[in-house]
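Structures for review follow.
What follows is chain A paired twice: with chain B in the first complex and chain C in the second.
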Partner chain A sequence: MNANKIYPWYFSSGAIALYLLFIVAPALLGIYYSFTDWNSYSSEKNFIGLEHFRTILAGDPTYLLFIKNTVLFTLVTSIAKTVLGLFLALLLVSGVKAANLHRMIIFSPQVLSFLIVGLVFKSLLDPNNGFVNVTLRSMGLDVLAQNWLGSLTWAMPSIMAVDTWKGMGYIMVLFIAGLLAIPRDYYEAASIDGAGFGQKLFRITIPMLMPTITIATVLNITYGLRVFDAVYVLTNGGPGNATDVINTAVYSSFAKGYWGLGSALSTILFVIMAILSFFIIRLMNRKVEY
Partner chain B sequence: MRLRKRLASIGLNVLAWLLSLVVLIPFVVIVLNSFKSDAEAKVLKLTLPEKFIFENYKIVYEQGHLGGSFFNSLLHSGASSLLLVFVVAFSAFTLSRNHSRLSKFLYFFLILGITLPLNYIPLMEVMKSMGMINSHVGMILLYTAMGIPISLFITYAFVSNIPKELDEAAIMDGCNGIKLFLRIIVPLLTSVLVTVFVLNFLSVWNEFTAPLYMLNTVEMWPMTLAVYNFFGQFSAQWNLVSADIVLTSLPVLIVFLIGQKYIVGGLTSGAVKG
Partner chain C sequence: MMRKRFLFSLASVLLLSTLLLAGCNSGKSTEGSGKVTLTFGTSQSGIPRTGIMQTMAKEYEQETGVKIDFQVVPDAQWRDLIKVKLASGEAPDIFNVDVDPLSMPANVRPEENAIDLTNEEFTGRMSEEILPTVSHNDKVYGVSFAPTKIWYVYYNKRIFQELGIEPPTSYAEFKAISQKIKDKDIIPFYQAPASGWYQVLPLFETGPNYEQTTAGTYEKLNNNEMKVADMTQLKTVIEQLKEFADLGYFGKDFLSNTVEAGIEAFGQEKAAMLLRVPGTEKEVSEAYPEMEDNMGFFVMPWGDNQTIGVNPGGSAAMFGNKNSKHPEEVLKFFRWITEHDHLQRVFDEGEGNLTICWPEIEPKLTQDYIDYEKNHEKGTVMQAAVKYIDPQWMDIGKDLSGMFAGAMTPDQILQNIDKRRAEQAKVLKDEKWQ
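Entry: the complex of A and B
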């Protein structure tokens, strides 16, 4: 049987064409624009070499802050979502009642857009009349009430917390699926040998969950590095530039008309992600043997 | 010993409810406030409205461009998801069955897009050159392209699990490639294609960044942009903002409740042993 005749590659041409046109062409074009002074004030695009990259990486320190914020956001939310997701999954498979209902509730923010979640929390975290501060004050805990999204100290942690709140349900669902795939006999054998909860967790559960932990980490990291909506809706990068990440900086350089510089910022993110992707795709295609 | 076990079980149940409440309370606050008067909603509290005011929803619907933007969101999500199901079914079938080096390369090349970030500034330039800025067709094609990598990844694995003997039998009976695909493969792929449709529908419905860059006329806005704009105008009137949030979330929550099985299945595929 001639596979090329029965499964001709041009059956894929629709997907390939759309992908090339909307994803690949802009990516390549963006790399080219990173080396030009393209902006909204003149129609010319002059080649200026590495100047934008020099500005971003060695010139203006605010750009380094954006990169630092992006990495910090990614690290903290990844760890928080993995730990909380695992905790929630363990809780829900431990035989609690209405586990499916809990699963649905905790997962539900995941299906809403960050715009909605962002607006909900913008209201709840309002310094004067928001739910969080009003509740704290009514309990006599006035000292704990903060200007959550408007202070240099609390803005970034608040965004991270909201993002974790939204995303932990998805990671939890992954872990529930992973936990249910572990054969029960391992635990029975361990119980007979007198293993306690902690021993079972660290000797059986976590090692057996490694594939799920890997995928969860990959998802969290790729999401974190590309974050935009969460920051844009909650603080728009403020106060000052305190919460700006790479993608909000790209958007503001786009809005200001510095298109070459914006492209250079995008390219830096693209290079980081391309290197990561290489390893990620390999991980995703690895079949795991138990 | 039995008492201790019962206490532990009660403790775990209480803990589960507390954590669910942490997720639920923000939404409950918003829903309650959407029925309050302007003055009552000044302070966001977890209290029942003195009187349920349904008028808020009418004001929001009339002033928030919700009718038109609902239609735009529905058009973008529905049309791009349908188109996506078509192109992904075709390419997953050929790329997974045809074991040539070219098809292996194409598969990896396409799923690379799962992680790579989209570069919106040059994308605008590309779309402008094709006359696709501020156009429904442009947005639908863009969303389809954005959905290809992850959908192909999910569908490809699924096709690989369909035994090849089926193909051979069909070909013996005189099927050609297209007939084999339409008569044998597509019916077997129905459930995964529904998953792809639902997942893409939700992600396009929630999309905020692409319209922010690509659409600058109110008539073209999806619900996300309309709501964001509404918040900018009425941020002091929390009862209205809350009603707006509720109205916008409802369609997604309905799709979620109907398609739950497909959503969770699709999101976990690949994460657990294949």
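Entry: the complex of A and C
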């Protein structure tokens, strides 16, 4: 073997070892456990085939609700973060004053832990003494004051809104980088040809941003499908199971000691993520022609 | 030669990684100076809120050099967390678990996880009533301070007097007085679904009432000869809770209420009634002196219940981790904390319990409680007598919150309870469910 072939392996061997040890091995073990009845009440692990998968996908409507909530959360927050992120990026590269300051302010929630964000918003959205309702009531808008995190109607939209607020800054930064990479010549040529803002946006900006949009969409979707902290801190899945998602169900299964079932839920989530990511990348990476 | 060198280097990197990782976990409960530190994991309500345990632990450290490091976790998370910690071999040296005779063996798996305390002198001094809740297969594993637990409805005497109302003895009366209180813009009954467990109490603390009305209910449930969904009285209690919620007797937007905020709401007279354990008067009047001598109590009247529900366990007991690196130090701490004077101190400087499960300590029950208990029948609460109820307490709490919000019906809640009972029976290979 010549040196050129050896060195890449030589330098990456440590990282590969750690990756195999902490990512691949636990994932494979998790998939194996999803076919067993492993639980905290006994040291036995019996192979039970697809029983957990049957329970989740065909036997219990509650699990289907968790899957539905996860998909809904992912769709809404992905679209919201992408649209708002793009809008903010366009605004900040268009020559608005103090753009860097605005960029920093919009990005800053991204660096905060959701534990802190969640606790702050839990306080802000408190139905009795929270800032939101108190402000609405003080403006005479009592009818708009809601039990934001405690009602079936508002709990999920509230979580989605908080999550979007926290995550859109990151997407905005991605789009700013993408926008700055588009050559100005295209816009100048389009202006000479008499193109308006809309035409430039849909004929130049968005097609040229497709690689960034693809990255942002995949990031948003994988984050959305993995959501846990936002739901756990804000509502703990309530009221009832109204805001429970797959990962809160995984947590709950593990916590109860039903580890085989929790592993099966994780495996299902892994499969959904793999399939969705594959198709999104295929769909959005199609060659753009001008 | 090149290939050999490459393989050697790869092996070195792997070895180094393993050594580094192994190093991360060393010295977990022993400080660099050689001083022993015992970790003590507990839920918030597992130790007195007054902080007396922490204070005494500091004194113990001065006396013996053994430090106790408390890890206090919110109630709703601890039940689940300790199971995972025990299973992963990362449980603290001392850990608190809510105990009852039915679920302690499954929750703690004492033979694998807990130090055997059977031959310790102090186990012989614990009350006979509490021993079954900390024992398994004739061996004692836990140390508890908790008294047998009773939940009463505490009420504000002044508000009742001003409105000319009396403590209710039936659900109809309970509803009627709640309406009068609500008409005065006071929350009739403080409810706390955000804590996850509080709203479940009315269902199972009134268990003796079901057992009295339909004798043999507990046994049939344990033998899987009847379903929880067949308990019409239980369904009635759930429907009554829903009715209270819909009529606004728990207040507006009560779903965000926590148990901790209950004392404040009651003490500030924002709520007229509150479900609590004996000793509440002390806790409330210490924070709100104007409430002194202003509190009465009565048995919860949901489902027309008039029987006092007694839980022989239900509160936290301390266990020593069998896999601890310092089992002898754990035992020494247990011996120290159970010395008569130390027990007395835990009792006196705790948050107001009127009894403790150590007969040598004089109870502080007032004549009111003694008379009340004489005039009412007592029975064991459902979660301490019926299998697979207590372990799903938090799930039932979630279902009830869902019902208050309009997502579930009482029938669905009952069916879910049966479903989860069957799940756990299956996991535990209970022959009655095969």
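Here is the rule we use: the second predicted complex is superposed on the first by the 266 of 290 C-alpha atoms of A that agree within 3 Å, B and C clash if a C-alpha of one lies under 4 Å from a C-alpha of the other, contacts with A are read in each partner's own complex, and residues count from 1 in each chain.
We adopt the following convention: a residue touches a chain if its C-beta (ideal position, glycine included) is under 8 Å from a C-beta of that chain, and two chains touch if they have at least 3 such contacts.
Remember, predicted model here, so these are calculated numbers, not experimental data.
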{"item": "First (chain B), second (chain C), both or neither touched by A:P26", "value": "first"}
{"item": "Touched partner set for A:F131, first chain B, second chain C, both or neither", "value": "first"}
{"item": "Touched partner set for A:K200, first chain B, second chain C, both or neither", "value": "neither"}
{"item": "First (chain B), second (chain C), both or neither touched by A:V96", "value": "first"}
{"item": "Partner chain in contact with A:L18 - chain B first, chain C second, else both or neither", "value": "both"}
{"item": "Partner chain(s) touched by A:I106 [first = chain B, second = chain C, both, neither]", "value": "first"}
{"item": "Chain B versus chain C as contact partner of A:K45, first or second or both or neither", "value": "neither"}
{"item": "First (chain B), second (chain C), both or neither touched by A:I6", "value": "both"}
{"item": "Chain A: partner with more touched residues, chain B or chain C", "value": "B"}
{"item": "Common interface residues of chain A - those touching chain B in one complex and chain C in the other", "value": "1, 3, 6, 9, 14, 18, 21, 126, 254, 259"}
{"item": "List of chain A residues in touch with chain C within their complex", "value": "1, 3, 6, 9-10, 13-14, 17-18, 21, 37, 39-43, 126-128, 147, 149-152, 236-242, 252, 254-259"}
{"item": "Chain A contact footprint on chain B (complex, rising order)", "value": "9, 12-13, 15-17, 19-20, 22-24, 26-27, 29-30, 33, 42-46, 86-88, 90-91, 93-95, 97-100, 102-103, 106, 108, 110-123, 125-127, 141-142, 144-146, 148-149, 152-153, 167-168, 171, 176-177, 180-181, 202, 205-209, 212-213, 224, 227-228, 231, 238, 241-242, 245, 248-249, 252-253, 255-256, 260, 263-264, 267-268, 270-274"}
{"item": "Chain A-facing residues of chain C, complex", "value": "2-3, 6, 9-10, 13-14, 16-17, 76, 79-81, 83-84, 86-87, 106, 109, 112, 193, 196, 252-253, 255-256, 391, 398-399, 401-408, 423, 427-429"}
{"item": "Interfacial residue positions of chain A with respect to chain B in the complex", "value": "1, 3-9, 11-12, 14-16, 18-19, 21-23, 25-27, 29-30, 33, 88, 91-92, 94-99, 101-102, 104-109, 111-116, 119-124, 126, 129-131, 134-135, 165, 169-170, 173-174, 177-178, 181, 211-212, 215-216, 219, 222, 225-226, 228-229, 232-233, 247, 250-251, 254, 259, 262-263, 266-267, 269-270, 273-274, 276-277, 280-281, 284, 287-288, 290"}
